[in-house]
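Both complexes below contain chain A, partnered by chain B and then by chain C.
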Partner chain A sequence: MGHLSQQTLAIININIRSIKNRLGLSISTIFSVALVVGVLLCFLAMSKGFEKTLEGSGSEDVAVILRSGSMSELNSVITLEQARIIESGPGIRQWQGKPMISKESYIVVDAIKKSSNTPANIPLRGIDKMGEIIRENISIVKGKMFTPGTNEIVVGQALLNNFKGFGLNSQVKLGNATWEVVGIFSSPGTVFESELWADINVVQSFFKRSGIFQTIRVKMKKPADVKKLDEYSKNDPRLKLDTKSEKDFYLEQANASSDLIFYLGWPLSILMSIGSLAGAINTMYNSVVSRTREIITLRVIGFNATATFFGTIIESLFLTSIGATIGVSCAYLLFDGLTTSTLSGNFTQVVFSFKMTFKLFIKAIYLSLGIGIVGGLMPALRAARMPLVKINSF
Partner chain B sequence: MTTENLITIKNLKKTHIKGKQALNIFHDLNMHIQTGNFIAIMGPSGSGKTTMLNMLGGIDKPTSGEIYFKEDRIDNLSENELTQFRAMHVGFIFQFYNLMPMLTAYNNVELPLLLTDLSKEDKIKKIKTALEIVNLSDRESHYPRELSGGQMQRVAIARAIVSNPDILLCDEPTGDLDRETANEILGVLKLLNEELNKTIIMVTHDPEAARYSKLTLHLDKGEFNQKELS
Partner chain C sequence: MTIFYLVKKNLLSHKIRSFLLVLCIFVAFIVYGVLKSFEQAMHSGIELSGTNRLVTVNRINFTQPLPYAYYNRVANIEGIKNVTFAKWFGGYYQEPKNFLTTFAVEPSSWLNVFKEFIVKPEEKRAFLKDKKGVLVGRNIANKHHWSIGDNVPISSNIYSNKKGGHTWDFTVRAIYDGEKEQTDTNQVIIHYEYFNLSKTFGKDFIGWLVVLTKDANLNEVIAKRIDSLFNNSAYETRTATESAFNKAFIEQIGNISLIIQSVVSVAFLTILMVVGNTMYLAVGERTKELAVLKTIGFNNRLIFNMIMSESLLLTVAGGIPAIICAYGIINALNLVVGGFLPGLLMPMNVVFTSILWMILLSVLTGIFPAYNAVKLNIITALHKNQ
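Presenting the complex of A and B:
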């Protein structure tokens, strides 16, 4: 007997050659699949890019210390006394005879987003010399570092690109004070690029926070020492503080926020997929019904029911894979590397890039194949079960 | 000429269910059809001519009774076995040709060969021969819409004979054609019967068409006017 694949190929050939008879429906199916795939990829790429930025921000051997129970730097408070106790903790690396501890303030200020022209919160971080030394992959790309004791600020590259008025040498009003931008710094792929930095003492006095910090960063001798420092602080009743590695700190924030994008993205995509599925089913029913005469004739001649079934499923897959290809290409061309900003766990804006990866493409392709198979299933069964005695009623 | 029985029908009963109504088409039919015969079946509309062809071709099944093809019973075959039976033994010719509009004449004739394991060269040879027999070699790359009714029916005949089936079943093969074209088609059928010894059963309303056959049977009220066919 003739091979099933030979029969199926013949039926696919007939189906695909007759697509032009139902071009409108076929094209709308293709585009609805393209849309679903595009939207899904957009969300996934956003989530991925956001994750990458926050993950890239943390070092394993830097301990971040916040008030116990604070989820973010913003609502943490640490006193000078607590900071002093930390200074005599174990495992802290030394630099020119001093412990590598950076006491930092973290304050929210307003700025105008370039893309939407609307105000948004951005972080102003007060640091001292040690704060700069601890962050190893920071470099000044234009101008210079702020001078301690002055109202000079430096601006992260990503923040400069996405917000108005932070060009080199410009004057900016933050809180009640006016500041001068003296430098632009870069720290590729980290949240720090979305921050303003100024001298800790000046920030504390301008914002009336003398003696109070939001966070302490400690450079440890080795990553494992982070845990030792945490135990040390837990054993001291005066310190109600949480200590974790900077890497874990940002990972937790990344999870919280990219989950949000993720959990919004999938349901929306699934909802749209249902719409696109309905379209595919309709198109394939139409395809089968419009070929009733051909299908029954082939069956009477001796073509297998199975071949008719697969012929229809494959036509459906053919349409949805064209859709997926269009969706993937558009998503790639439009979104890959596109930079945007969103709220981080700190409720300040984090600038990040969409990140298209091969894995995301595979997910989108699976979704479209799913639509193709499910959409073609009932019509294909119908094709396989057409009553042959109808042959004489055409 | 051989006188072997190609088809034997025993105690055949066929009832169509239409809604809640049962329609008795055949009550207790017995007959033989011999290899090499060319039978025309005539009869009033609704007498069951198409139903008979469908059962002989493995498209429909009797309600009870037996149908033998040579020695083999076919009325109790499974759906898949019937599909194979049709592919191997039966050529169908329809009133409205039933060609695939998106395929050329050549590719239409090729269809039944896709159900065989013949080599590519053998397939080409068979398709060319079939098109030659119906005198359409010069039209092999034409699409059905580029052909006349008679030409389309000739493509359909080529398709029906290309895999060398034992029997040709034709339901009103000239019903859609003018007199002259009809005679041409009937001439082709007669030639297939006489020169290539094809067994043909043809349903027709047209007495002139029936004259091309070796034997004309009249079907009425579930009975043929002649039972022992020679």
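Presenting the complex of A and C:
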């Protein structure tokens, strides 16, 4: 075996050093693989980034309550009476003697998206003190929290960066009311950073929605209590509400959109891999054919057919690996952390960042190795089976 | 012996190589055909929008309501031919996942403004007469097997009715066809009056107005007139052309054109490199052969044409079947996602631009080898060892 591996190494060495004789084709293979890998990673990172943002937004021990069948916060309507009934539900955590229940309104307003300069839907969430306490990872990074009862708003950091006109101390006109931005809040990697927050009572009165809420968020003692609250609500005919954990609520929204990107990205990448594969096979055939004389000579002086086979396969893998490395590095440099926004299941913009993970790199590398092996296979077989008599024809 | 005979012999002498190049080109043109059709379907709302149609929405956002009274106030503005309005119903059939694009409208003005909805006169009369009647697009009627006279329950994910449920009962009175193939026939149109009287909240509010101006040149002036009419009121408005409105909505999803453009460029760049290099190499291999052809009297023009024909033939052999396949894929996708993406079909201009791309790519991949072959010096070429 030692003999064989030495032979293989020698042939690999020859093959790789002779790549410069086929530079044009070899480079085109490298680039086509790099491009396929780049496209795949771009789609996967987009899908992953969106999924992460929505996944990161939900807590397991917070119940989100919407009107039954409404599917999104925008469509939901909950009355004050219904909210009161929920307050006496089971398993609700207390804070300074009060149940941790946040009655929230959710209103869609326009903001100009920086990237396109067109108006886009962003959410204005009306909350009270409890809404802030229930969300644990929120911090004011600039300015202060809004003062209840005033037309002050605080702006999520991601929203500030991607939409025009929400700088600290700026005036924001929504309808015929003017709001003042008094603070910027951060909640890394969540959808809340794409929101505007203001006092619930002020929002309700400005938008003529007194006594009407869109969602109720309830902090439970433990995650399992979400189910208890759901049963409690299902047993009361006055309620007709859907209760689920905040985590599940955002997961459902994440799945719909990120699946779409995912199912678009894979078929496209596979299709393009076929093109790249054709290029790789072509290059490797060329490599084998142009070295016919050399391969036969090697065989005549005692090199094994298996060694010539592996020599070609490894050369093919070598080219596609370079391609994959270029593709992965460029995709990482170009796309990782790139922020963009899209319309989410809640019918408002969610700002998210492309997320490159190690797992995604591995997927891309598998794809490129696949192209390398399949691309080298038939040419390698031809190299191994080359009839020795053919040398006479030279 | 024609050039074509030589071209055929050359391509067939390396069957695997030619096949691989054709495959490579085939893949790139499938990507092109499918993605471009997709892009155009996404933008069909912009292209199909009426040149003299304006949309008036609440200045805060189009999901915010406008008072019903605005309908009559706007109708009196000078320069307006017609006005109608709509309210989003949030409709679905039986289960929330079967969503229906449902609008509650004033039917007679709606059909006057949206002339691309073709309805049979007798069905139109029946629909206008029956307040509980519904007008549905051909696509939706086919999908749910609805026909004239069927009673269909349509639910709302927003509103509840006085009976205490979210489901309203309607009778299919008319089915509309689109004027063009791309026209959205997935819509469900109900009577605002019936909906307004039976819902439990949000009474006497509408979603948005659609205005038909007498002349597209007046669009800007009229948009300003409408908005200034409601300036400083509790419900300020924002009026834009229907196409600008649709464009802004597409932009909300993301810069789809940029994504599609990038992927298509990547696909074309790949074939340009692979095919270009291979052609270069293939012609290089034939140096001696070309020198012989020149010696026996083939002039430069014939040689040039021969090599250009080779690359054109390769591109067409991959490109044309690819466009046919892409056509099949788009039609298959239309069955699956037609409800979300009306107008998903392969437009003629995609076919034309594909052909232009084929010509361009074959020129780019053929020109350098052809040029090399032409400037080949017979003496040096014949002396070459290989």
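Structural remarks
As a convention for this text, the second predicted complex is superposed on the first by the 390 of 394 C-alpha atoms of A that agree within 3 Å, B and C clash if a C-alpha of one lies under 4 Å from a C-alpha of the other, contacts with A are read in each partner's own complex, and residues count from 1 in each chain.
Basically, a contact is a pair of C-beta atoms (placed from the backbone, for glycine too) under 8 Å apart; a residue touches a chain by one contact, two chains touch by 3 or more.
Predicted, not measured: the structure shown is a model, and the values here were computed from it.
Residue contacts after overlaying the shared chain place A:286 against chain C, while chain B stays out of touching range. Within the superposed three-chain model, A:303 lies in touch with chain B and out of touch with chain C [touch as defined at top]. Within the superposed three-chain model, A:74 lies in touch with chain C and out of touch with chain B [touch as defined at top]. Contacts of A:141 after superposition: neither chain B nor chain C is touched. Put chain B and chain C next to each other and count what each touches on chain A; the higher total goes to C.
Of the two partner chains placed by the overlay, only chain C lies in contact with A:275; chain B stays clear of it. In the superposition on chain A, A:119 makes contact with chain C only, not with chain B. Once the two complexes are overlaid on the shared chain, A:31 sits against chain C while remaining clear of chain B. By the touch criterion defined above, A:4 reaches neither chain B nor chain C. Of all residues in chain C, those touching chain A in their complex are 16-17, 20-21, 23-24, 27-28, 30-31, 58-61, 63-64, 90, 96, 155, 157-158, 166, 201, 232-236, 238, 247-248, 251-255, 263, 266-267, 269-271, 273-274, 276-278, 280-281.
On the side of chain A, the complex with chain B involves touching residues 1-3, 6-7, 10, 14, 17-18, 293-294, 297-305, 388-389, 391-392, 394. Residue ranges of chain A in contact with chain C, taken from their complex: 24-25, 27-29, 31-32, 35-36, 38-39, 69-71, 74-75, 77, 107-110, 113, 115-116, 118-121, 174-176, 207, 212, 268, 271-272, 274-276, 278-279, 281-282, 285-286, 340-343, 347, 349. Interface residues of chain B facing chain A in the complex, by the touch rule stated above, are 50, 54, 57, 59-60, 79-80, 83-84, 86-88, 92, 94-96, 98, 100-103, 111-117, 159, 171.
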